[in-house]
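Read through the structure below, which is laid out as structure tokens, and then see the notes.
We call the chains A, B, C, D and E, going by the order they appear; numbering starts again at 1 in every chain.
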Amino acid sequence: MIQYFSIVLMLVGIYGLLSQRNVIKLIAALNIFEIGLNLFIVSIGFVKDGLVPILTSNNESSAMLYVDPLPHALVLTSIVIGVGVTALALALAKKMHDKYGTYDMDEMGGK
Amino acid sequence: MITGILTGFGILLFAFVWQTSLDGINRKIVGRFQKRIGPKWYQQFRDIFKALSKTGVTHGWVFDFGVMMALGGIMATVMFLPVVGYSAFPGMDNFFIFVYLLAVGMLGMAMSSVGSGNPLAGIGVMRALTQMVGYEVPFMIVILGIIFGHNTSSLSELAAIQQASGIMTWNLVKMPIGTVVAYISLLGMLGKKPFETFIAPAEIASGPMVEYGGKQLGMLMIMHEFATFIEVTLFVTLFLGGATTLFGFIAKYFVVYILASLISNALARFKIDQVIKFYYKVPITLAIVQALMVVFLGWGV
Amino acid sequence: MDFILSVPAIVVGLFAAAVLAYLLTKANKILGALITVLGSGAALAAMLMLKGDINSVQSLGALGFKLTDYGWFFSVLMLLIFFSVSFFNLYWMKKIIHPAAYNFLYLVALAGTVGAFTAKDFIGLFIFWETIVWASMFIIPFGKSRNASVVYYAFSAFGSLSMLFGILYLYSKTGSFDIQYVLEQASMNTTYALVAFITIGIAGLVKIGVFPFHLWLPKAHGNAPDTFSPILSGGLVKAGGFAAFLAVIVMPSYKVFASNALFLGRELAMPVPNYILVFLGAVSIVVGTLMAIKSEDFKKLIAYSSVANGGYIIIGIAIADSLSVGGAFMHMFAHALASAAAFLSAAAVVHRTGTTKMSELGGLIHRMPLTYLVYLIAIISMAGIPPMSGFISKWMLFQSMIGKGMVFTAAAAFFGSIGSFLYVFRPLSAVFLGQLSPKHESVKEAPFLMQVPMIGLSLLTLLFGVFPNIVLRFISDILKTAGLDGLTLNGLVISGTNGQLNPSLVSLIFGIGFFIALIIFIIHPKSRKVDLMDTYTASEFIYTPELLHYSYAFYAPFERLYENAPSTEKWYAALIKKIEEAGQLVSYTFFNNKPRIIVFWMVCAVIALLWGGSL
Amino acid sequence: MDNTVEKQENIRKGWDGISRFFRANSIWMLMYCTGCCAIELPQAMTSRYDMERLGMGPMATPRQADVLLITGYLSLKTLRRIIYAYEQMSTPKYLVAFGPCTLNGGIYYDSHAVINRLDQYLPIDVYIAGCMPKPEAVMNGFNDLIGMIKRKEANGWKKYEQNKDWYRKNQIQALGELRIKDEFHE
Amino acid sequence: MNTSFIILLIAVPLGAAFLSVLVKKLGKYFLGAAIGFNLAASGILAYDYVSPVIYEIGGFKPPYGISLVLDEYSLLGILLLNVVFALIAIMACKYIKKYEVVLSVALAALNGVILTGDLFNLFVFMEISAIAAYILTTMNKNIKYTFNYLVLGTLGSGLLLFGIAVIYNMFGSLNIMDIQNRMAIISYPVAGALVLPLALIFTGLSVEAKLLPFSGWARGVLKDSNSLVGTLIVSAFSAAVLLAFGRLIDSLFVMSDSLLIVFTVVTVGTLILAEIAAFSKKNLREILLFSSIAQSGLVVALFLQGLKSAALLVLINNVISKMILFTLAAKIGEDNGTDKLEDLKGVFLKNKVLGFGFTAAAMSLIGLPLFFGFIAKANVLVSLFEANNIWLPMVILIVSVIEGAYVVRMLTTLWNTGEEGELAKAEDAKQYKLTNKVRLTIIITIAAIAIVAAGILPLLQMNDWFNFDILSFLTDGLGGV
């Protein structure tokens, strides 16, 4: 279920990219897309009734179902990268606003 | 070799005397048709020798050189012609030699006349060459049929083949369409009236001849006689079965030439593009039809 | 056999000479040009000495060389042309924008030519073939047009890449590059043979400038540096004949495709592929002739005439009987000499007057009589008039065409032959004859070293016109090794299917005729020499020589008849325009600074990938 | 030495005699139809009088022609062109003048634009009288010309060459300001 | 062999980047040192190379942990990349100022892209390199295009990550080799199920590899770029991404026929359309950027056909010649204020040596004999024919005619002066500026000589030069030097 939701989120992000002209809104759309993606990755690791993938004295048995821990790690990295990109994008947006006096891509002219 | 060359000289002499006389006769006949008395039969000789005796002008060496090349080329062509069974170089009287040796003469004349620096000469040469494109192609296509059909391009052999059984083996009978086309082409070659555009005396002051006077003119007149002889003889040999006797040859030649002349006197002159259009509409179609008949249907072989 | 005198040595030597020429030109331009003369001359001498070594095989690294007899024939012809033209380089060093590069590329092109004709392997053939292409592609823009080089390259590349396709296809099937072996293998399988025929045939057609691919000739020949046009027209174009020869005769296509021959009557059996070549040749004769008649530019005119003559060569090769192929070889030989000489005389004219526009010239015969004579001999040969070598080849081709009863082809050939009188006469009349323009009053004859090759080529044209059997014997040997019958040569006489020709006799009789005319001329009163402007003008006074010079739109009435005919040039121009428009369309559709549009395309593409991939 | 010169002279004379025979019987005309007299030429040429039986015929250019026919009055502008044409003709050449206009100006005797006496400018071999001369007169004139050629009397062209300075002086005097660049052509 | 060099290839530039942040003034030297080290390290690795090495970061055995793979393929990649990167940096060092950090990061990331054996790691390096590229393109002063690039790049890498996630979901592994092995063993998932992740990965990589519908950013970013940014993107970045693309196609892309067809259509379409677009362009850099796009299409198409060696040859040829061409084009454009062809007639008249370099590169690009490009082209065609593929050679050859036409137009215009219809004359040449000539001249000459030598020597030395495996060549040839 959560996977469908995350895919819908991604599609929303793509819809944003398709429909918006405002730079900030584009960045927001991009972020929505990334969030959807991250959610999706996290959801991969989910195992129903799975246990925490840490070997403790409480659950020694290796036959137990574990939640896959790797996607969480991946998402962490992904989020970091996403934040970096967003920051860069915002900086660019600021510069564009300085230069053109608008956030609207269409008003910036050019081919 | 020597006898061949001597034979060639003989043919040359015959050609000159006969054709020049015929030209005079022709003028007389035309005069009679126009209710005139007309000149003496040897008037053409007088004109030629008068021209030779005059002091003309020259426009530089190419003006003279071209004339010599023209006359020389044409005379060489005549020497290859088989006439009444006499052939200077048996087996070498290839049809293409005539076409291309004739061109040497034409080129010489064109060169010389344009070398005079007169633009009318240039226009005349332009028209002559353009007309040549018109009449040569249908003519050559018809000849292709003949050569393909008889499997030889030697004029004397072609004549011999036609003489096999009287008039029925003449190409005139076997390839009537081709003969008509060739005769129309002959009119163009001879520069007879509907195809006289390149001379057009009242329009471009006789075209290539505009600057000639004196001996150059005389030589070109001789050349013209020879050229006429070659062209008519080609027709006689290719379509009327050549001739075995001198009388036969003369008779056929006379008919062909005088007929052309009469046609000429009954018609007006084409413009040059009309000439091309005409040749590339009717004669070329007929020529191709004739050639296809020969090549693919085997008719007239 | 030692390496010093061998084909690879010639090729390597020419490459070395090219580098040397480049370096020396930097120091002294004339010295560099001299290297091109010496280099090509030495190569010619070496190649002539190698005549005894025909069929020898050498290799240079991975490249094999085999001196076949036809390769030798072509090489010698090319070397002769390059050598003759190289004398002109001496005078062009100041006019060319990159003299060093010119000399370098000149010799590289020569090395490529020799290499291509003597390559043992197809891949070597291709490498040298392309080397010629790029070497000449850099020389052409030194002339009048940059665009010409692009056109030249595009056409050449189309041809040579087609050949590459064929070569590699056959390699993948036969596992070899060896020309002889591959063609042998190909001839046993109709599919391979067809591929070889089409691809190598296209290379030949493009190179020789046959109809749909003829456009580059007028562009490149007409605009190349004046010293390089004779190379292109006299020399490199003939490489197309070589390729066509490989495809049709060496393979041999006329046997492979014999099963689908057209039987349309007596002696007409000709395979359809060969007939297509014949057809293209016929079309290009007509097109080349008509366009040449129309040209206003001296060099362009000769270039279009090369198109027409290329048509004869292709027809001759494609008919593929010994007389026609021999005729095609002779025609290549004759046309190479003649068109090189014609272009050289054009170059001499340009050297002295600086223009090739025929309407600006005139009357040069009074200033450059020798150049005039050279041009005259060249055009007599090109128009196929005795006693020049062009007559022999045309005679042979006509014999063959008529013997086969090819009505329409022969009609085209006749038209081209008579039409050639028209176009070759035009420069004669407009450039050399007629009125001398006052601005060319002080023009001088071409310098001595330029006269040397011009006279040499003219004499060769005359020599092989009077005694063609010198060449024809060798050509006959080539035909025999290629599996055809030899030519019927008997002393001085050439025999065709339906007649025989004795060129020496024709020349002799022509000489006698000329002699008689000379006597008639001499014994009659001497003419009065008058000025050129003293000419009949209906007694009007005209003081401007240019006005009395008939040269612009010479054949206007004739041109009018086909001025609205469909034009390949326009078709190609439209094609280029469409490609450019398509390019702009791509550029504006997919390359946009608005993210949403690109994202839209991305989404479309992903959907397409998913949909298409899951089909 | 003398002998050879004499021989050559004899040959020349003999040759000249033959030439004159041909020349007399093959006269090609260049018609310069300046005035009304030209209207009489067609009658002389066509079936009634048939000039061709004398070997005469019209020609297109002065180079080819033997005789120049001046048929009527000559304005100054035409005179220049007549002189040009006459000088372009090949020798031997003859000049036949028609009507009184060429003799004394005829009815244009007082016009400022017409010359009165043509023989001051060009040598005339034969005058044909009549205004306009009837075809009979024309034919008679030509017969006279033929006779003159046979008798070596038609020497106008030699006279012109010998007295060129005189003629040239008269020409320049008459043409005067009509000159464009030089007196005739360059 | 000291395997630690493998990780150092990434670690040292990264370290240099951190140091540069700390000591800004010395950034140039750190970058220089990093580049130098990478050159040396890749040289040593190549010299010592015997057989594939898998470097396990942190000692985790694959498939656990992140591993770097040094086989012939990645060895070739790092050699190419580091050499090209170093040459570009030297040629365009005047632009390096203030961008040392980014360049160091880019170098590290690009090495990582080539070396990594882990899918997610690949994504990370790709993203880092992309960010570096975004920042570099801000040098163009046209932020709009950079932003465009950023949006598309981010979306692309997002899709790549999505694809990787799906792959992980299917196979439970991120290690490429491991996945490959599992694909071979596990019958599930069927090829059809792989369509989604493969299409997504393909899309994600295509954005960076500049395949056609995905590469809308390229024109804006590259058409005004300077000799550092533009050249890096068309040669170094493009090389790394294409190599990664190739590795993934080689190991992961188990494609059904229809998927292969779809991918091929995209790549070959890129080849055709981009060449046509390049043909229609009149500006040097635009021509080159479209040509670069087309070549990427060709390379990927060849990878898809499984012709790794041929694709690598094309890639090498493209990277080296594009480096020369784009550097010079950008340089000419910067120094003269325009890179319009018709305004640059005869620009090489006064710069003959550079002109020769440009010419050699251009001729190699269109694959004329006696230049390296011909060897590449011949290999491509031979291997295609051997794979019984006929239509692709046809397309390649027809497209090369178009390619040749615009390249020749470029060359003839740049070498010669004069209007159409007039003689080319040296006097007509305008005065063109070209700065920094010495460094440029040296490097371009060396590269051009290398191109020519690589074009001629195989013809003389190797009997099967039209059919050689560059990867085994690396083991046999370089290893045994």
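Note that a contact is a pair of C-beta atoms (placed from the backbone, for glycine too) under 8 Å apart; a residue touches a chain by one contact, two chains touch by 3 or more.
Note that this is a predicted model, so its numbers are computed, not measured.
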Q. Tell me, which chains sit next to both subunit D and subunit E?
A. C
Q) Can you list every chain in contact with both subunit C and subunit E? A) A
Q) What's the chain with its C-alpha centre farthest out from subunit E? A) D
(Q) What's the farthest chain from subunit A if centres are computed as the mean of the Cα atoms? (A) D
Q.
Looking at chain pairs B-D and C-D, which one is connected by more C-beta pairs in contact?
A. B-D
Q | Innermost chain, taking as reference the mean of every protein Cα atom displayed | A | C
Q.
Distance between subunit A and subunit E based on Cα centroids, please, to the nearest Å.
A. 29
Q. If you average the CA atoms of subunit A and of subunit B, how far apart do the two points sit, in angstrom?
A. 96
Q: Please work out the Cα centroid separation of subunit B and subunit C, and write it as a whole number of Å.
A: 35
(Q) On a C-alpha centroid basis, what's the spacing between subunit A and subunit C, in Å? (A) 67
Q. So which bits of subunit B are touching at least two other chains?
A. 53-57, 205, 210-211, 214
Q: Provide the list of subunit C residues touching at least two other chains, using ranges where the numbers run on.
A: 528, 533-534, 536, 592-595, 599
**Q.** subunit A: positions in contact with at least two other chains
**A.** 14, 17, 26, 105, 110
Q) Which chain pairs here would you call touching? A) A-C, A-E, B-C, B-D, C-D, C-E
Q. So in the complex, which bits of subunit A are touching subunit E?
A. 10, 14, 17, 23, 26, 30, 33-34, 37, 40-41, 44, 68, 70-71, 74, 77-78, 81, 84-85, 88-89, 92-93, 95-96, 99-100, 105, 108, 110
**Q.** Partner subunit D, residues of subunit C touching it in the complex
**A.** 528, 531, 533-534, 536, 539-541, 543
Q) Can you list the subunit B residues touching subunit D in their complex? A) 27, 31, 34-40, 43, 46-47, 49-50, 53-57, 201-202, 205-206, 209-214, 217
Q: Within their complex, state which residues of subunit E touch subunit C.
A: 144-145, 147-148, 151-152, 155-156, 159, 192, 195-196, 198-200, 202-203, 207, 212-220, 255-256, 258-259, 261-263, 265-266, 273-274, 276-281, 290, 346, 349, 363, 368-370, 374, 378, 381-382, 385-386, 388, 390, 393-394, 397-398, 400-402, 404-405, 408-409, 411-413, 415-418, 420-426, 458-463, 465-466
Q: Show which residues of subunit A lie in contact with subunit C when the two form their complex.
A: 14, 17-21, 26, 105-106, 110-111
